[in-house]
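We just call them A, B, C, D and E in the order they show up, numbering each chain from 1.
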Amino acid sequence: DPVRIAAPVSLKGAFDAVVAKIVKDLGVEIVPVYGGTSLLARQILTGAPYDIFISANAAWMDEVADSGRLVPGTRHDLLTNRLVVAGNAPSPERPLDDALTEGQIAMALTDAIPAGIYGKQALLSIGMWDDVEPRVIETADVRAALALVARGEVPLGIVYATDVFAEERVDIVARFDVMSHDPIVYPLAMLTSAGTDALRVMAALSSDEVGELFAAHGFQRAD
Amino acid sequence: MTLAVQIQQKWPSFALDVEFDAPPGITVLFGRSGSGKTSAANAVAGLMRPDTGRLVLGGRILFDTAAGISLPPHRRRIGYVFQDARLFPHLTVRQNLTYGRWFAGRDDDIEMDRVVEMLGLAALLTRRPSALSGGEKSRVAIGRALLSGPDLLIADEPLAALDEPRKAEILPYFEWLRDETGLPILYVSHSVTEVARLATTVVVLEAGRVIRQGDAAEVLGDPTVTPTGIRDVGALITARLVAHHSDGLSELDAGGIPLILPQISGSLGREVRLRLPAQDMILSRARPEGLSALNVIPGTIISIRDGEGPGALVVLETAAGRVLSRITRRSVAAMGLASGMTCYAIVKTVAIAAPDAGG
Amino acid sequence: MTGISGWLGAEASAALALSLKVSVVATLVSLPFGVLTAFALARWRFPGRQILNGLVHLPLVLPPVVTGYILLLTFGRSGVFGGALAELGIVFAFRWTGAALAAAIMAFPLMVRAVRLSIDAVDPALEAAASTLGANRLWVFLTVTLPLILPGILTGAVLAFAKAMGEFGATITFVANIPGETQTLPTAIYSFLQVPGAEPEVVRLVLISVAVALGALALSEWLSVRVARWVAGR
Amino acid sequence: MTLAVQIQQKWPSFALDVEFDAPPGITVLFGRSGSGKTSAANAVAGLMRPDTGRLVLGGRILFDTAAGISLPPHRRRIGYVFQDARLFPHLTVRQNLTYGRWFAGRDDDIEMDRVVEMLGLAALLTRRPSALSGGEKSRVAIGRALLSGPDLLIADEPLAALDEPRKAEILPYFEWLRDETGLPILYVSHSVTEVARLATTVVVLEAGRVIRQGDAAEVLGDPTVTPTGIRDVGALITARLVAHHSDGLSELDAGGIPLILPQISGSLGREVRLRLPAQDMILSRARPEGLSALNVIPGTIISIRDGEGPGALVVLETAAGRVLSRITRRSVAAMGLASGMTCYAIVKTVAIAAPDAGG
Amino acid sequence: MTGISGWLGAEASAALALSLKVSVVATLVSLPFGVLTAFALARWRFPGRQILNGLVHLPLVLPPVVTGYILLLTFGRSGVFGGALAELGIVFAFRWTGAALAAAIMAFPLMVRAVRLSIDAVDPALEAAASTLGANRLWVFLTVTLPLILPGILTGAVLAFAKAMGEFGATITFVANIPGETQTLPTAIYSFLQVPGAEPEVVRLVLISVAVALGALALSEWLSVRVARWVAGR
């Protein structure tokens, strides 16, 4: 059986490269299954046949952990990311409060999607939420927010640094302090339904070579 | 097999309340447009469920509100020739014809061939109904019902869309059904000619009620029952076929009176029903001489009844049975006709020819 | 096909093949149920008729994701029916059969409505005529009603097929997005949409969807003209 | 206004190729079932586009394949009473009747009231077509076409579903249309009675071709043209109304010969068309005495033609015009009839009564 | 309403109100276009007919997100028509009107198909009869065809309304999720689904969706029975 890895769809670009490398190195068959984190988590809760789960936030990994479907001791944070304000290229980088003074701001759902939740926390902590809120355009996921900025539909967006990294039509306008919101982590864990090859894949995912590959896509290793 | 009908149905603007029996043979439902003929037929076939009533066909209860019985149409075994043809548009003429035979469980091609030939459908078999003329549709509808092997046939003005020669070709088939099969037939018609020729029993409807019913000869010979107008009155008499002459005429004997008709089929000795339209009977005080009309029936006047308008209806008792003649009041006066008087009724050979002669 | 799969790449052409399989199976398998349901709703009066009608339409009204979750809760491995069916060897969850089930259920209201509209347009006088010729209800249905509603059935099938080709939300929720097993064209398109710079892949997949759909439509138009002519006998 | 028709249309199984003129008055398309009457009518109305042909109505070109002209039906101003009623199911009887008047731009209630009364529709006005009987539907269809104010009226067997009294009520309306309005009417019928009573012009179709056309008297009096059977032959003569008698009879003068008929309407001096069915004429060598029949027409035999079967058709030249009598060959022999001989044709008053008398 | 909004919370009841507004407007505004398109497809032969037919069906075939993107590309602020329309003061992007546009376009194929099926079932003989009475094509359509296809129009409208109530993917992609402006019930449900433990909210919103939809269905059933009776004159 192939090793099935449920991964947030926002990782797809980087993760496809990672999977290719591991498949080549280990000679195991791996099938990445991409989807929204909440969707993947709920599927796991109803018995989805995945071996490894990568979550885009801690909350859904906690939820899965509570159900007892994680192999104890296998959970750890794989990656971290940073939150930035993106603008249509070319845009010079500016201080946050300057960058956010006017124009609509695209964000993933601020009460539901991790990127949106982090963004709201950050804005609250720097005291700009009340000013910004009426100008927020909420999207279904962070990629949709990025697309709006890339197309020039909306001048600004709050997205991950990795998103800007991969999208040429968008520049970083400002960066949020990592302390202004909960840590952005991608926890990884093996599921109780996992097959025999899963452990080797877990190890490979945490290897330095893979870490470098992630870094090449803008992600940082979590320590 | 006899059909006993008793139904009541009320609509806001019309009430149907009929009770009649349809014995073997052809029972004609006769009445003006809108008198309830089609409604009654629908109730019998099970296509309309009356408010109350009871229908029994040869001992089988088809419908009985008191007993809570109502057989669905397909279990009544009643073939129905609808007033509108209602052919299946997606089937060819042949498939329309054979539709009912699947269920009748019969599949004898002789019957099929006979019907196809009689109705002149051979050239149409592969066509769809949309490529048929009005009269062609009617013929297919008749064939379809006949071929479904029913216990009772309902025909709602089946010949209305047909021309005279075609009617003349199809009428004998209904007669054959009546005479040879014992199949009761409920036949809706406006045409006195058809009624006279076909009816065993006549049920006259008016405004949803039966105003007269009984033996065809009796009802049609009754001058008080003229649902479709005085022009249609006529006597029905029975005669026996005694000779076929070489000049294409047949001789009949009606209670000792010889009648000459254009050739009619059948073997000698056969009983034939004739309609003598009151319209076509000329009266003479003296036995007429040198006339082209070959049939002269002596009789005694038993009543003279003035009609509406300038006409009068003279009823004669003759050896052949009761005979009616409609003439003008002026002639009654000029000839001095009165009850009890002897006179002669004259009728042309051709006036009692087909389609009035059963044959 | 090698030309197309070369142009598309292995993953995309697997998705196309799966989408076609899922859509065809969903359409064909649900068709008899659709016709039956439409007939029941159009002609029978039974308790619970309104409830059935409501149930049939639910997938249209609910966001597809919700329908997907409901499927997961009922036909998933630990779902109400899912468990029982699994004992019988019938598994929907995370299988292509599940994608077909999701597509069929999402398309069902469209199919039922189309067929029902046709049933309502059948002249009851023709059915009455058939019944006087001895056909019981089933035979009347098979020999008169069914042929006359063929255009509606065809329309229903085309709508269902098209919907099945485009179904995304319920499918990804119920059976996920497993390449080669449950990844259909729409879920593949969704995955590529998430990757910055993958627009060319998206456009390619969208074009292939459109081509398939237009092909199916053209075929169905042609068929429906012939069927309509046949039914009307023109 | 005259309609000139010339159309060709081929189907795999049937070809229509007709050319005729319909002058003011009623032009009857006459022919057997399937002879192409409805197809021709559809082409005139624009409901079927023939392969080739030309249609001109009072100078307006409706259709001309050579010139590439084809007016759509709504611009032809042709009212059509269809063989099937084709009422709008979603409209009441009243709305069906008034449908065409929106476009005719007329709205005079007198006309509406007249039509409603004549067709007996008053009680049906608020009903839907599905609650009408077959005959009721036909009547509404007639009214609807009449009220659309057409330049030409097409009526495809409009009376076929009606009973005799209703026919007798509606026929005068068609006569009124013919005589008073100058509206050309194309009238499809199987019924010789209707044809004789209504037709100005008769066009006889057989298998899609015109086999005879012309003045009604001429075509119907021609014994070689009997598209619907020999029984229907008869002479059409013209007579002048000379007196109304107090006993309900009217006296007419036909070339000096007095004829007595049941009361007919109209002012004295009016010309009336009468049909004398060959069927109903009795011949006598001597002037008959003491008969109830009031009408005796002396004449000279100009031909005796043996028909099929036992009959013969005797043609008399009389002061009233040419008269036909169908009698048996046996009578011809018995009476010694021969060309050039003088004899008397006898016909009952009631035999030429309505509906055969234009009245 | 206070009872319901109390139970639902202010945000959810705003979403419900907006969903209703969007669905009603989408249905009513698109209805005439739907009828016209159906008529054109059913009765006219014109070049580009197959292309129009294909276009109409596209939203069914494509994943809703793709349709949303296409809307963004065409009716967005920087879109092909969006810019021109904005000059005229007509803005769809991030407005409830955009949600209505998205819903209308997603529902359009369902509406057109339903109406078209009805048009195909109209007996041409009745239209011919009307034309002999002097009615030109438009009048024939208005006085004969239109009344006779009312059942189909009603079905089309119900399908469109139901679909509009459930539309999610194209809507959120095109007009995003602005509470009070573009947050419909399905997008609200989607938000809650993303949050662990928010199931009770989800269930509440789903129930309210279902209730509205069943209400609309029941109403339409009742209406369509009356319309069918009226049309058939029974």
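Keep this in mind: a contact is a pair of C-beta atoms (placed from the backbone, for glycine too) under 8 Å apart; a residue touches a chain by one contact, two chains touch by 3 or more.
Treat the numbers as computed from the prediction; the structure is a model and nothing was measured.
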Checklist outcome for this item: Common contacts of chain A and chain D, by label, are E
Item to check | Length of the shortest touching-chain route, chain C through to chain D | outcome: 2
Item to check | Best-connected chain pair, where connection means C-beta pairs in contact | outcome: B-D
Checklist entry - Whole-Å distance, chain A centre to chain B centre, using C-alpha means? => result 91
Checklist outcome for this item: Whole-angstrom distance, CA centroid of chain A to CA centroid of chain C, is 35
Checklist entry - Centre to centre, by mean C-alpha position, how many angstrom separate chain C and chain E? => result 20
Checklist entry - How far is the middle of chain B from the middle of chain E, if each middle is the mean of its Cα atoms, in Å? => result 60
Checklist entry - In chain B, which residues are in touch with two or more of the other chains? => result 84, 131
Checklist entry - If you look at chain E, which of its residues touch at least two other chains? => result 69, 190, 193
Checklist outcome for this item: Each pair of chains that touches is included here, namely A-C, A-E, B-C, B-D, C-E, D-E
Checklist entry - Quick one: in the complex, what on chain C touches chain E? => result 50, 53-54, 57-66, 69, 109-110, 113-114, 116-118, 120-121, 151-152, 155, 159, 162-163, 165-166, 168-169, 185-187, 189-190, 193, 202, 206, 209-210, 212-214, 217-218, 221, 228
Item to check | Residues on chain C engaged by chain B in the complex (per definition of touch) | outcome: 125-126, 128-137, 139-140, 143-144, 147-148, 230-234
Checklist outcome for this item: Residue positions on chain D within touch of chain E in the complex are 45-47, 72-80, 82, 84, 86, 88-90, 99-100, 102-104, 128-131, 144-145, 148-149
Checklist outcome for this item: The chain A residues in contact with chain C across the complex are 4, 6, 9-10, 12-13, 16, 31-35, 39-40, 42-43, 46-49, 141, 143, 146, 163, 166-168
Checklist entry - What does chain D use to touch chain B in their complex? => result 11, 13, 32-34, 37-39, 83-84, 123, 127, 131-136, 139, 156-157, 160-166, 168, 190, 192, 228-229, 231-232, 245, 247-249, 260, 262-263, 279-280, 282-286, 288, 290-294, 309-311, 325-332, 335, 346, 348-351, 353
